[in-house]
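Chain lettering (A, B, C, D, E, F, G and H) follows the sequence in which the chains are written, and residue indices restart at 1 in each chain.
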Amino acid sequence: MDETTTARLDHDRERRTGIPEVVLCERKSPDGAVAIMRRFMEREGRAIATRVTAEQAGSLLAAFPGGHHNALARMFTVGNLPAAAGRPIAVVCAGTSDLPVAEEAHEMLRALGHPVVRHDDVGVAGIHRTMAILPSLEPCTAVIAVAGMEGALASVLAGLIRQPVIAVPTSVGYGASLGGLAALLTMMNSCAPGICVVNIDAGFSAACVAHKFAAAFSGNGSKPS
Amino acid sequence: MDETTTARLDHDRERRTGIPEVVLCERKSPDGAVAIMRRFMEREGRAIATRVTAEQAGSLLAAFPGGHHNALARMFTVGNLPAAAGRPIAVVCAGTSDLPVAEEAHEMLRALGHPVVRHDDVGVAGIHRTMAILPSLEPCTAVIAVAGMEGALASVLAGLIRQPVIAVPTSVGYGASLGGLAALLTMMNSCAPGICVVNIDAGFSAACVAHKFAAAFSGNGSKPS
Amino acid sequence: MDETTTARLDHDRERRTGIPEVVLCERKSPDGAVAIMRRFMEREGRAIATRVTAEQAGSLLAAFPGGHHNALARMFTVGNLPAAAGRPIAVVCAGTSDLPVAEEAHEMLRALGHPVVRHDDVGVAGIHRTMAILPSLEPCTAVIAVAGMEGALASVLAGLIRQPVIAVPTSVGYGASLGGLAALLTMMNSCAPGICVVNIDAGFSAACVAHKFAAAFSGNGSKPS
Amino acid sequence: MDETTTARLDHDRERRTGIPEVVLCERKSPDGAVAIMRRFMEREGRAIATRVTAEQAGSLLAAFPGGHHNALARMFTVGNLPAAAGRPIAVVCAGTSDLPVAEEAHEMLRALGHPVVRHDDVGVAGIHRTMAILPSLEPCTAVIAVAGMEGALASVLAGLIRQPVIAVPTSVGYGASLGGLAALLTMMNSCAPGICVVNIDAGFSAACVAHKFAAAFSGNGSKPS
Amino acid sequence: MDETTTARLDHDRERRTGIPEVVLCERKSPDGAVAIMRRFMEREGRAIATRVTAEQAGSLLAAFPGGHHNALARMFTVGNLPAAAGRPIAVVCAGTSDLPVAEEAHEMLRALGHPVVRHDDVGVAGIHRTMAILPSLEPCTAVIAVAGMEGALASVLAGLIRQPVIAVPTSVGYGASLGGLAALLTMMNSCAPGICVVNIDAGFSAACVAHKFAAAFSGNGSKPS
Amino acid sequence: MDETTTARLDHDRERRTGIPEVVLCERKSPDGAVAIMRRFMEREGRAIATRVTAEQAGSLLAAFPGGHHNALARMFTVGNLPAAAGRPIAVVCAGTSDLPVAEEAHEMLRALGHPVVRHDDVGVAGIHRTMAILPSLEPCTAVIAVAGMEGALASVLAGLIRQPVIAVPTSVGYGASLGGLAALLTMMNSCAPGICVVNIDAGFSAACVAHKFAAAFSGNGSKPS
Amino acid sequence: MDETTTARLDHDRERRTGIPEVVLCERKSPDGAVAIMRRFMEREGRAIATRVTAEQAGSLLAAFPGGHHNALARMFTVGNLPAAAGRPIAVVCAGTSDLPVAEEAHEMLRALGHPVVRHDDVGVAGIHRTMAILPSLEPCTAVIAVAGMEGALASVLAGLIRQPVIAVPTSVGYGASLGGLAALLTMMNSCAPGICVVNIDAGFSAACVAHKFAAAFSGNGSKPS
Amino acid sequence: MDETTTARLDHDRERRTGIPEVVLCERKSPDGAVAIMRRFMEREGRAIATRVTAEQAGSLLAAFPGGHHNALARMFTVGNLPAAAGRPIAVVCAGTSDLPVAEEAHEMLRALGHPVVRHDDVGVAGIHRTMAILPSLEPCTAVIAVAGMEGALASVLAGLIRQPVIAVPTSVGYGASLGGLAALLTMMNSCAPGICVVNIDAGFSAACVAHKFAAAFSGNGSKPS
């Protein structure tokens, strides 16, 4: 018995919640990752994996030569994914060390069919960089703000724009950053209203939140028949 | 010198961010609360206060006889508030002790012009109560889920509906609830994607997040002239 | 001097408490693990080890060819273990990453002579999976609920069934899961009464609690002569 | 609107889980407490309240002259409660300051129809007192061990008896007791297997756990028709 | 014996460290506060008290009619204090609730003889307010930035100005602000270099740090004869 | 420049405090450890090192062939150490995993010239083992109690014996043991008076405390000439 | 039933451990405190109470006119207490706000028959004050060091004297002092060996530790017949 | 896309804040580190890197043969750095294990053009070592105090000198040192005024704070044209 065979795939999840079930590769063997991805491909014609290691990626590429491995985002996607459509969602990150988390959000938004406006290294230590991106955020429906260390980017943005801010604290930092808890607390306590927060390093979750809002507003909110 | 006179009112905030500046009455004298609210009324024709004590409410009602005091929500509103329009937002709470926080979210949504679908006491200890409200959530664009203790309501809802869940942990509980931190952590770590979290007891913040999403999607996202 | 020779085996423990002393292999050398297991075999005709590494398992299998190594549970058992008898105990886990902890509970229940009803991957993100197992829990005397991340499975189950829930938080998760503390707090603060909690990743402990309840109720509670 | 009228009474809870819904009086007005208790009396012929203040108790006694107020336990019960039957459950507490929590467990067990063996002030600082009660625990099916400060009572008992130990940390202590977290951690990390833990000061929860075990073992575990 | 008589006044402290010993009135009786202040007046011709309650202030004013009570700062000063001289130090605070802490810093700077540039309510939720004060900070030698909630003001300022930022987290906030720890962590982890941090609500400490820097640079750093 | 050359050896420490300076080998290179030990040997004729790795031990043995390496205690001693004299000090540990910490206390006591009464694996899960050692503790002047997990051994001993208990929490445990903090808190909050606590895994510190007490009482407490 | 009647007085404790049982008055009614103290007086001819409120003290003085109330220490003693004998123990405290804790240690040492050398307000901010007391510590067998805020007094003393230091952190401080945890951690991590630590504000515990050491060394360590 | 190409270099930072942008090498590949350093060299004629690994240093030295690698400080500098000028800044550290952090502060001060007075291993366990350095601190404008474990060095220094103390807690220690949090809290709660604190192990940050103060006082504080 292993987790490949015991996993109860929730093929109905996308119909029910609007988000397809995604394979979290952490703690899986490369073969196990391939086996579960194959079950999704067979049933749904597409499969999405997160937290993919280099070794897992090798096995996945061998099994699914048409798949796409985004090494920075640690994601692997294969099959019929939707084309980008609708209004864009912004992904901005404070520092270059936060890139993997921003890239995970970006890649997941792509997999869900959203155009993305992307800006990196726009943290508040050089606030002119933050200010410079504001015009490009205007057409967006939401801004995913990725920041470690003290995580002030989300607060500053939320005081400047009409879009909601989905804040992603990252584990970038040291000492009193407490593995990302400091940034999480900063974002939770923001003096600027209109910020909501997801787990540390959870670029994937931020993309799902943005997608759910986009789906709720663009559709009629009721379940498809 | 006191904080009434030193406050720099941010009258431009609504134009810039879509959310009017709101008076947080905590730590203010009744007279101070009245004075700041008057400055807003004079300039903008409406004023909104949160965390209003009974004593402050007395002074505010005396000063603004046409105002509205929602004692459960600890809010006071006066002046030209928008009529409800657009698709509704849901506010659900897990237990009756969570009511003040849910009511704050509800009252703030009203002040921002949103219809609200409201359900109380639908916590997962009696999950049939949770299931029973699902149909009424379908027309909503988002669900604000208010819960203390272990805060599992947000996870359960997020696995069942297409709408995004804005989770509000409350300080209801005792012992290892750590003043709401346990519920906050539960919501942060949800196994169901599509949840974002605001601060403990922050019904106001949840309403602002929902409003910003509604504004971003219903409008064109650019700033009004 | 090493811990193999200084260990004071508590051969009386089973008579006194109903649970045999078990060898915790963590921090032991493979030879040390074999030596202590041999002392138990000589004295009691059976021996049970937990947290067994692959290297320790190799040495143990070489020393005790008739033994049983459950790699997923990281346990090794050898000798005269009781046959399964009595009413079953359920072991359910929320996600496939929680499998090792669930398997440890399962293997320990086996070693103590209990039939087990087992369900994996029934977390609340797909609550229909949780609901689907309810009928199979009816004949059980207790349910061991194993969950990481936000750990909501225990709460949901406790609100639906007559059986007590022994909740096992796991260290599965990241960021604000705090190595399993988030799940532990969730379970501690459950709004559904009838849940008790053991340490993080302590599948072994949950099995012992279930066994002690079964022994107390099936016997007369007094010590055997 | 207040929580008296919005409360969704879960009259089915006892049939479903074996534990009747109980009114948590914290944060309720005396009139609100009476109103909810009356709804239970009308529907089910009995009602149970916990965390009852002196003022609430006055109103409850006036409304329900036949009710019973246990001031130490902060509980109020009224109506047709089951007579004590079956094998006893033990409630032991470490120090006299832990009495209110032990008494809550005791009163709730009474309300659920269990005989109770009770011992107070048997903490490990005078371990002869702990040893002296062991014979009286033999007929019991479980032991609820209530302790604050360092909470070692649960560990010592678990190493000495066949009965499972349901450990209740209390907030008794100061300084590094962290409001009961120190005792909670002690109990979680016990070196003696067979201990499970409930929330700080949660005498009520411990009684529910014991009751669920008793019901699961004495009955057939299936739901009554 | 009480603390008035046992206090060992450190009359040499100013010569040694450049900062006179100051009376912390917390936990002192009004009479005790007066007695200690009198000892300082007799010996040094001036006395400074912090954390003065209204009741203590009444007794101090009666005893020292020429003294000055700054109620917002909770400070009382009397005697020969230095006239303001040298380049100014800035004190800025994020929100009006942070005023008491900013005022304590301000009053202590006055007592140490520094001109002060003061700005209130310039938090980053309305960053134009932050930007607007930058020119006035140019002549200052340091900026004391006082902020609660998420405390992002210090980071933003430090990225914009040449002056060092002495950051003072405040206990303003609720929920996950953890009594000011969230703001403290934000300031500790700032991505903008040049920030140092003092204790929560420690306006007094920030003033002492600024004073020590001013003294070290304006003087020759050696002790006066 | 490295720490071998910059170290300011405190050769006067033993005269001043009664405890010789000891070399903490953590973070030192093998050569650096040898160099500092040599400086002590040259000046004082003996040297003591703690937290010695296997690699460092190899270099130390090569450099000081007459030295003694206690691998379990991770200590290395060489030179003229005092012979054991005076009344014994007891070192007891709860479980075999705590052995390295107990052995460090034991080896340090040896190096300081104290006879030791030693007992291992006497944790409270089998309290008869704890009871069995009591007579052997009677001649001792103090008891060093080493325990991880829930650390209850110190409390139980302190309630039974006249000797003071120096409690050493260890990092043995998992999950909610928080790296030894749980045991530390248990020991801090003991209901039995007469316990004092040192840092987690600090066998060395416990030996120093015992030594200082022995020196203070056996000598006249004044500094030697 | 109340805790006065349920308390199991441990009259044997002094013979067994060398420390008489002491009445902790916290959470007791004035009448309850008197009743328990009377039981001790009747049986043992002396009684000691700690954490005595002003109201409790009034009742105790009325009941035991010959008793002694130390208001600063919050203690009440009555009956045949031993005369001071043997070598002194020092009690030193860092600031005047720490006086109540120092006084509790002092009063408890008196009740146990120890001469005390006492120094107040000798914190390290004016280290000449610390240095000045060193000669007076020489005849002492141990030093109880009481300090809040950062608690550095214990470290500094331990590096300067031969006596062991029993460190008592206090809850004096604010903000990041975390109710005394900061001082506790400082003392735990001291770079100077020979420090042991008791709970926050536990002057009583420190006295018991000192007493146990004195008893162990002055006597023969065996139990009296 | 990688972080080398996405990094938005803030070439204006030095003009704006007085501190040049510095390359944090953590999480960068050796090639990536070289690439970013080259961009700085090309634009500004000098480049500074922190947290440089041995592998990165090899690549950097190969790319910039004229560069300087300080292995203990983990820094690499190359190009036109300012010559030392002005009054010195002191860097002192408590123990030899704190050397890497002290060296980072020292190297960064060098890179910013400050003379440095340096003392190592002057912790308070041997306070005569601390006292001995006081005269050498007199010409300095500030003292950077680096200490792990209990971090008392900052408090002791601040009570003895006129210079401000910039305290750097380090992660040196074990057990209850909590990775440096204990030292951070000690420094935050110092009873001696005039201490400010930077993040754990943040020697770089301390140097920047000292530099900003020096620049603010030596210049006119206004931005250069």
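The rule we apply is simple: a contact is a pair of C-beta atoms (placed from the backbone, for glycine too) under 8 Å apart; a residue touches a chain by one contact, two chains touch by 3 or more.
Treat the numbers as computed from the prediction; the structure is a model and nothing was measured.
Annotation of subunit D and subunit H: jointly contacted by F, G, touch as defined at the top. Graph distance from subunit D to subunit G, where chains that touch are one step apart, equals 1. When the contact pairs of B-E are matched by residue number across G-H, D-G or D-F, over half of them reappear in D-G. Remark: subunit C and subunit H have CA centroids separated by 50 Å (rounded to whole angstrom). One inter-chain figure worth recording: subunit F and subunit G are separated by 26 Å, centre to centre, where each centre is the mean of the chain's CA atoms. Centre-to-centre spacing of subunit E and subunit F amounts to 45 Å, using the average Cα coordinate of each chain.
Contacts with at least two other chains are made by residues 13, 125-126, 158-160, 175-177, 181, 184, 188-189, 192-193, 199 of subunit C.
Of all possible chain pairs, the ones that touch are A-B, A-C, A-E, A-H, B-C, B-D, B-E, C-D, C-F, D-F, D-G, E-G, E-H, F-G, F-H, G-H.
Only residues 1-3, 6-8, 10, 12-13, 24, 26-27, 169, 171, 179-181, 184, 199-202 of subunit C touch subunit F when the two sit together in their complex.
Residues of subunit C that touch subunit D in their complex: 13, 16-19, 22, 87, 138-142, 158-164, 166, 184, 188-189, 192-199, 204-206, 208-209, 211-223. Put simply, subunit G touches subunit E in their complex at residues 72, 96-97, 99, 103, 120-122, 125-126, 128-129, 172, 174-177. If you check the complex, the residues on subunit B that touch subunit C are 94-95, 123-127, 149-152, 155-156, 158-160, 173, 175-178, 181-183, 185-193.
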